[in-house]
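In what follows, chain A forms one complex with chain B and a second complex with chain C.
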Partner chain A sequence: MQTILRPFAIKSSGDLARLGVMLALAGLILFGALRYDNFLSSFNILSFLRYNSMFALIALGMAFVIITGGIDLSVGGTAAMASVVAALFSPYHWAAGLLGGMVAGLAVGALNGFIITKMRIQPFIATLATMLAAYGTGLLLADNQSVSVSYDTGFTVIGQDDFLGFPIPAWIALAAYVLGWLVLEKLPVGRHILAIGDGEATAGLMGLKVERTLAAVYLASGTLAGLAGVILASQFGAGQPTEGVGWELFAIASVVVGGTLLTGGSGSVGATLAGALLLAMVFNILNFENGLGWISLSAYWQSVIRGAFLLVVVVLQAKLMARR
Partner chain B sequence: MLLSMQGISKAFAGVAALKAASLEVEPAEVMALVGQNGAGKSTLIKILTGVYRRDEGTIAFDGRDVDFTMPAEAQAAGIATIYQEINLAPQRSVAENIYLSREPKRFGLIDHAAMRRGAEAVLKTFNLTIDVDRPVAHFDAATRQMVAIARAVTQNARLVIMDEPTSSLDEREVAVLFETIRTLKRSGVAVIFIGHRLDELYEICDRVTIMRDGQTVAKSPMADMPKMALVRHMLGKELAAFQAMAPGEEKPERPVRLDVANAGAGVRVRDVSLTVREGEISGLAGLLGSGRTETARLIFGADNLERGTMRLAGSERTYREPADAIADGIGLVSEDRKIDGIVPDMSIRENMTLALLPRLKKAGIVDRARQDEIVTRYIRALGVKCASPDQPIKELSGGNQQKVLLARWLATDPRVLIVDEPTRGIDIGAKSEILKLLRSLADEGLSVLMISSEFEELLAAADRVTVLSDGTSVKTLPRKDLSEAALLAAMAHQVE
Partner chain C sequence: MTTIETPAPQPAGALSSGSRLFTLASRYGTFVAFLALIAVNIAITPNFLSWQTLNVNLTQVATIVIVATGMTLVIATGGIDLSVGSLMAIAGALAPMIFMGQFWPVENMAVAVTLALIIPVVVASLFGLFNGLLVTRFSIQPIIATLVLFIAGRGIAQVMTNGNLQVFKNEGFQFIAMGRIAGVPAQVVLMVLIAALAFAMIRYTVIGRQIIAVGGNEKAARLTGIPVKRVKLFVYMVSGALAGIAGLVVVARNSASDANLVGLGMELDAIAAVAVGGTLLTGGRANIVGTVLGAFVIQLVRYTLLANGVPDAAALIVKAGLIVLAVFIQQRADRH
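This part shows the complex of A and B:
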């Protein structure tokens, strides 16, 4: 019995916060299901998953970066640039578009890793610089406008079609999260990532390969942002050099709501997914609330409400952690 | 011989940290490595473990010449280091910490069950039964240390280096640690034990290597090295570069200004009593780790008093933070200027008036005229050699930096000034100048509590000296009884 329950045992304050986000997500779903008629309709669920998979992918990469004690501000710019690259490659083959976008993201991630580990620049500064560079590159490649994708090579299938009744982007995100969970919980490198976040100097003294591991984490974050860009282009039929603004903040918020400490050394893949879904769910519920017709909230008000909700969650988490 | 380091030299930015130092360790022995702050122990160990590269010398480990370029290589060769600030990942579990970088795997995935079993088994050999799934941060210092040792053992280390392992342990925990060391010895593992508490060294170590000023000055079986001789080797003798500045005769007894009675906090300060009278320099002596700096922090409110009392001019005081002590007229010039004293890139003017700024405000803005007046006054009074008050303080010599720091506190018009190693890292000429300055400040009525490791300094300047050993004040020597022999005897003191 004890062994079965072990994964659910609360061993640290972080676990408690992560439990909290799961409960909040469940509560919000229950609220929506009871209040709105079509909330649990397959249309709502499928479009919710289709759209939010992009953000979930970016949040996953961000979670790894933040667990190491770093930050990756370049993900939004990277996704925008990758969507352009994917659109430009899509006429040749659907896979060319997919790989093109991912390689574009990987390149930014590799650059981030190089600047941070070899040039020893703070992640905040390094990724701020690459964010600007990525947006600029995207606009240059797209000649300052959206780039239409090819509808002949099947590239749009990636973002728009379903597989076994679920949107393909959701399958991609699910696969990424399972892989991420495997890496963090089951592979030695995951434990090393956590230990590095706990203290880089200490990790080095324990014989861990700190630089290589950090570089790999930024590489992964960039690649996931690239993948999100591919889905963006495929879903909306165009590479969008001006999209992605603020995505990094959404990702950071998801990670934090998911109970990952910004100071590093603690975090969970599952709770990050819950955090991303929770924030997206607030949006979804606000849309439904507008649909009821009693109140009409502009996009600006929605933003304010989401911000307030984020604040409430984070404060509650801090309280929960302090109590232990 | 398991380890032989010969002729090791190392310089940092042209300053020699090690000068042909040597260290030899036999299998299954516990070697004490002792020396004052800055003697070169840490540098020697860091060269051995690949943190630093040596400039000269040879290292043979297990009969082979080695040259580790990073800690991981030394670990792989069988040398494990347990640093003072125990290097474990605090939020990771005990089991993970023991196996980090060598996780047991099954089909490429971490075998958590095997890891848990292995961790429990190895801890059991040290009579420790704990939940190995809990984060290391949940356990006390002694347990964390045991986990670090367990990590070393599972790495098949044949040499374990322990850097001041007992510094944060209480007596019971020290006993457990020593039992662990004996277990290690029985299995043929050698230990380098860096420490300062003499009783502990004599209890657990087989031999001792003493370092001073970057050199190895003595090697001997522990049993053949009397305590007095060990202390003398550690402290050495610096040429008496300054003549006695205090008048030789006893001064009339002045009223007590600072009176600390049976003060204690944590394990570093156990039971300290001392007094500082008006217009006198009271010395605080003791070996490294005897609790001198910690005592100063208690008086200054940087740490909170847990036991005992403190009186200032007769009235009992408790300080929650340094600001309380400063408001009461207590100043502290700390030991490491670079860490908690100067702001290197700021000017002499700014450094000197940092503690004073709130009082220099006129309508919320710093009154530049008054600032200038104070700065000019103290530069002249203390004889700070500088091009101008706007020169960055980092360009000054150590002695002049120290004067600026003294001025910072003097400008607040303190009643008690605590100086921690006031002449550390200062050349000999400047040393006597600083001491003269302290003397004349005392003559004007200031009470000075001077922490010092240098006998000459204490003999030359102090009106009385309180000697600490293992966090306890073991003796107070009045001026007339002060001598090197008396200080040595008190420092080597055994707590009965």
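This part shows the complex of A and C:
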């Protein structure tokens, strides 16, 4: 029994925060299941997962970046640009669209890595600049309008179809999270990432390849954002150069709600997923609540409620940190 | 130029010519870029030297400068304020609701307009106070603390207006954007006034010095008896209030208030202006003149490209390059 429970043992305030977000997510699901008839219907669950996979992917990349003590503001712009690139490549082959979008994301990630590690510019400023550049490039490629994807090559299957009764975007996100978990928890590079977040100078003195690891993390974040862009284009049938505004900040919020501290050096892949799902579920529950007819809250309330959620989480985290 | 900091003792002649170049570039780079842009425009842009051009550029840059001035103060303390765009939306939503009598019936238009000019700014500064409290009382990092209102703030503005466009025509209220004082657009006068006040505050007042000290070394500032928390609360309140003023100017200029759009992306424009203007994001400096120049450079680059038929999207890429270059030069100069 003891050994089974060991992964759940609370060792630090960070663990407590992560346990908190899992409990909050479970509580919210329970609340929804008891209150609304179709909350646990397969239709709701599947469409929820299909739509929110994009945000989960971006949050995963953001979690890695934040664990190193950095930040990546470019993910929204990158996703928008990648959706355009994917749409432009989709007439050739569905795989061309998929790869095109991912390579576009990778390119932005590489640029981020270069500016941050070689030019030594703070991640906040570096990725702010590449966000603008990514939007600019996407708009130029798309000629300022949305670009329709090809419906002949099966590109739309990526975002719209199911595999084994489960949406394909959700499979992609699941695979990414399993991979992310393996990297962070099981591979040496995961330890390196955590060590760099704890203190770059110390990690460097220990002989870790700080620059290379940091660059790899931004590459990964960019590629995941590119993948999110591919799903965006495939799901909505068009590459959308103006989409993605504010995605970076919602991803940051998901990561923070997932108990990862912005100071770096700690964090969890699983809790990040829980954080992303939690923020997304606020909107889902709001829809159901309106459906009941007791109250009528406009969709605008969702950002207010999300903000309030973030507020509660960061204040609780701050209190936990202060107690330590 | 107006950078105030404690210079590290520098042995004479120790600078290599390369690092001296970076130092020069960091000190005068923004100004030179500004002059160069004007020179280029005189040479290639038709009708550049006209009142109309001046007017267009000044009015487009006014709100960015107003917000960026507050941002400079926040960044000087080592913080950042992501909520400014959302606070603009809140102020911009409140003002028309007040003078159009949605809260209480308007009996005297002059009173209503006065209130519409004051209340939104006070509300925005209270939201700024909220940001400041999160940063000081709970020791939450500024990025996250202000992220709360970045997300929730626009939602609040949208909920207040139910996402509807508020269209109005009110000469008294719109004076802050459309009016002219001695021939100069009122919003430009407002911009100059605010930047000048902030400049004077940093230079000549105790609170100005305290802001720099807090950003330079918070611990040392606390040990020398500077009320660090109060200083931080102050800068976030100022940033909120200035965002509120900018929100009023934007809706007055448009004769309409759209909570979905007012101030959208302003936080990034303001941060970009500060960065290009040579205030490092690490705190301890407040280069107000630099920020104003930074905002002008970004605006002029965009204008130059647009006026010469380059699409707006390409201007974004140039802006990105500009930000990276400015910060790169600044940091290189700093290391010596």
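Keep this in mind: the second predicted complex is superposed on the first by the 316 of 324 C-alpha atoms of A that agree within 3 Å, B and C clash if a C-alpha of one lies under 4 Å from a C-alpha of the other, contacts with A are read in each partner's own complex, and residues count from 1 in each chain.
Keep this in mind: a residue touches a chain if its C-beta (ideal position, glycine included) is under 8 Å from a C-beta of that chain, and two chains touch if they have at least 3 such contacts.
The shown structure was predicted, so the numbers you read here are calculated from the model rather than taken from an experiment.
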Contacts of A:195 with chain B and chain C, given as first, second, both or neither: first
Dominant contact partner of chain A by residue count, chain C or chain B: C
First, second, both or neither for A:175, with chain B first and chain C second: neither
Touched partner set for A:249, first chain B, second chain C, both or neither: second
Which of chain B and chain C A:26 touches, first, second, both or neither: neither
Which of chain B and chain C A:157 touches, first, second, both or neither: neither
First (chain B), second (chain C), both or neither touched by A:302: second
First (chain B), second (chain C), both or neither touched by A:208: first
Contacts on chain A seen with chain B and repeated with chain C across the two complexes: none
Sites on chain C touched by chain A in the complex: 80, 82, 134, 138-141, 143-145, 147-156, 158-159, 162-163, 264-265, 268, 271-272, 275, 281-282, 311-317, 319-321, 323-324, 327-328, 331
Chain A residues within the chain B interface of the complex: 6, 9, 11-12, 14, 182, 186-188, 191-192, 194-195, 198-199, 201-209, 265-266
Touching residues (chain side chain A, partner chain C) in the complex: 71, 115, 119-122, 124-126, 128-133, 135-140, 144, 245-246, 249-250, 252-253, 256, 262-263, 298, 300-308, 310-311, 314-315, 318-319, 321-322
Residues on chain B engaged by chain A in the complex (per definition of touch): 51, 71-72, 75-76, 81, 83, 87-93, 96, 100-101, 103, 105, 108-110, 133-135, 151
